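Note that chain A is present in both complexes that follow, paired respectively with chain B and with chain C.
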Partner chain A sequence: MRALSAFSAKGEEFIPPSSKDFVLPPIFGDNAFTTKPIFLIGLSVILISVFFVLSARKAAIVPSKFQFAGELVYGFVRKDLGEEILGHEFKRFMPYLFSLFTFILVNNIFGIVPFIQFPTFSRISFAYVLGIITFIVFHYVGVRKQGTVKYVKDILFMPGVPKPVYILLTPIEIATYLIVRPLTISLRLFANMFAGHLLLMIFILGGEHLLQGAIGLKLVSPFAFAFGIALTFFEFLVQCLQAYIFTLLTALYIAGGLADEH
Partner chain B sequence: MNSFIELAAGGAPNPLLPHTAEIIVGSIAFLLLFLVMRSKVVPMFEKAYTERTAAIEGGIAKAEIAQAEAKAALEQYSAQLASAQAESAEMREKAREQGALIAEEIRAKALEDAARITAAAHASIEAERAQAVTSLRNEVGALAVELASKIVGEALDDQARQSRIVDRFIEDLEKSK
Partner chain C sequence: MATQNPREGALYSILGYMLSGLIFWGGVGYFADRFFNTSFLTLVGLLVGMGGALYLVWLRFGR
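Let's turn to the complex of A and B:
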């Protein structure tokens, strides 16, 4: 859409990409359920499910290459995010952590896949959904493990702290557990994807605009494209990292709920 | 939907505001993925892990048992070998003793035999000598008689000379004894 508008705006002033470029119109009529991000979310679920169901189907002791590929991802989440953080109880949380990691990873990578090129989590709604689910999960785990009274009491009055400190600490703890954690975990994911996509758009649309300008500008344009390509690789790193961080933080929050004292 | 209206109005939409349709679809999509992972993927991977662990641990246990068995067999064989060696050494020792004993017996017997044979030889030589002496005596006697008769027959006339001859003869005989 941007490309088209930039093309039609030949010779005109360069309009930098903005948050408008993340609001994609419905593909079919006025139906808000037919936007590109929504299709991408659906596509990601199908891709991940098909890949991992087929990979895990045989569960052979000696894995095929396909099963090995699936196990590689699962083993990474299982060991680095599950076992090491959650200890012996980690298996209960593996479906959630693994869904979270693969879901975020694939949707993020959509941002650099040719023809798709849209990181779904640059739409904050999806990031909010996952943040809220993580919020519910870690509080639920904490309450179930320690009992409501002890869990709430430990948040409000952290044990082993001198009483006057509670004046400062209690509001901070409340804010941490109720607002900061779900909000930051969502915003971190969203902001990284949003900024990354914006950056790529600036270099690639900018390069395109330069190419349509005067001869001097045309010569500069390849540098903008080259930088755009370099940033694409950088984005891939960020996309993987953000999937990891979101899952890692979720695991840490759950671990906090599982621990008797946090 | 709000954001579309804002876009139409020309203002930049606030990217932090959630979008209803996306919230709904996002929740459903993630829930579906979670259900698939929980029912079809994670249990299967965990099953593979468990079975693999069991297979590896079973293999290790089997190897340990085999090793223990091999070690026991080795010990048994070494023990057997040691006892066999001791036994053979003992047998060798016994054989040597017996050999020495037999040699000693044989030597004693040989000495005895030699003594006996020597004694027999001495006896037979003695007997032969005695026999020779006896026969010699007889022959000497006969010769003496013959000589005497010859002498007697030749010169009986000379009584005195005859008695001298006989005396001398006997004297000689006695001297030669």
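Let's turn to the complex of A and C:
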């Protein structure tokens, strides 16, 4: 993010935040692996591990507050995303679904944590990687469950259709399973984080710019800040929702592979 | 999709099908247009893709 002092000169033209603001310079030298998002990813892994190890270490029948918080999150993923969608086979997939949910959630919430303020998934490659992992997982599950031939045949040839129609339908099925699914799941996460961060930057930086303008503009700037704060809460909602949706879709895709007829 | 949460599952699957139908057959139409120097095949492709996708959705969720 651009430093706030960038607008110190009076009467300077307001430079609206753009996609360039998401390209952060490396912190150490010009090593591309030392940018802020990379560190945030590492930080999120540490935070999540420490939190859940601590909350599960002294697991007791009467839970401490810490354990209660950890179990609340786990219980939510397990019940709403695991059991509800995957049925009796859900336990095998809980490690993946749970890690996915907490990982995305923490990285998204970084977008509104003071001094961090950067949602990692507003860099698209991170979202792509998660999309690819989910893509591999759900195809692997389907192949293992139904056998390669049956799985591929079920995808390509919908039963109960006259043969010539397959020319029309099979490409659509292939495109859905191989391209559209992993692409949309990644893009949905990326676009929401990107747009949300851009929106916050516009209101906060805009408010800051107005504050340095003429007296009339100074009077307006609190409204920009107030809106920025309101949008921050809205962003929090979006961030939680996107973590949920990504995990939900992963669970749904896995369920599709598990189902015998599709 | 034999999910116990069919409403949400159906929603995203339908979106996926519509998108793939439009992209694939629209794309075929677009390149056919470039190849034959015509201008109506993109539209035909989009309509075919839409129809195919709707048919697939009906096959999967409507029967």
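Everything that follows uses one rule, which is that the second predicted complex is superposed on the first by the 250 of 262 C-alpha atoms of A that agree within 3 Å, B and C clash if a C-alpha of one lies under 4 Å from a C-alpha of the other, contacts with A are read in each partner's own complex, and residues count from 1 in each chain.
Everything that follows uses one rule, which is that contacts are C-beta pairs under 8 Å (C-beta built on N, C-alpha and C of every residue); 3 or more make two chains touch, one makes a residue touch a chain.
As the structure is a prediction and not an experimental result, all values here were calculated from the model.
**Student:** A:248 contacts which: chain B (first), chain C (second), both, neither?
**Tutor:** second
**Student:** Once chain A of both complexes is superposed, is A:23 in touch with chain B (first), chain C (second), both, or neither?
**Tutor:** first
**Student:** Kindly classify A:85 by the partners it touches after superposition: chain B alone (first), chain C alone (second), both, or neither?
**Tutor:** second
**Student:** Quick one: chain B or chain C, who's touching more of chain A?
**Tutor:** Of the two chains, more chain A residues are contacted by B.
**Student:** Where does A:126 make contact in the superposed view: on chain B (first), on chain C (second), on both, or on neither?
**Tutor:** Once the two structures are laid over each other on A, A:126 reaches chain B alone.
**Student:** Given the touch rule stated above, what does A:33 touch, chain B (first), chain C (second), both, or neither?
**Tutor:** First partner only.
**Student:** Starting from the residues of chain A touching chain B, keep only those that also touch chain C in the other complex, and list them.
**Tutor:** Shared contact residues on chain A (touching chain B in one complex, chain C in the other): none at all.
**Student:** Could you pull out which chain A residues touch chain B in their complex?
**Tutor:** 18-20, 22-23, 25, 32-33, 35, 37-38, 41-42, 44-45, 48-49, 52-53, 55-57, 59-61, 63, 67, 70-71, 74, 78, 91, 94-96, 98-99, 102-103, 122-126, 128-130, 133, 187, 190, 194
**Student:** Across the complex, what residues on chain C touch chain A?
**Tutor:** 1-5, 8-9, 12-13, 15-17, 19-21, 23-25, 48-49, 51-53, 55-56, 59-60, 63
**Student:** Chain A touches which residues of chain B in the complex?
**Tutor:** 1, 3-4, 7, 12-27, 29-30, 32-34, 36-38, 40-42, 44-49, 51-52, 55
**Student:** If you look only at chain A, which of its residues touch chain C in the complex?
**Tutor:** The touching residues are 84-85, 87, 158, 160-161, 165, 168-169, 171-173, 175-176, 179-181, 184, 248-249, 252, 255-256, 259-262.
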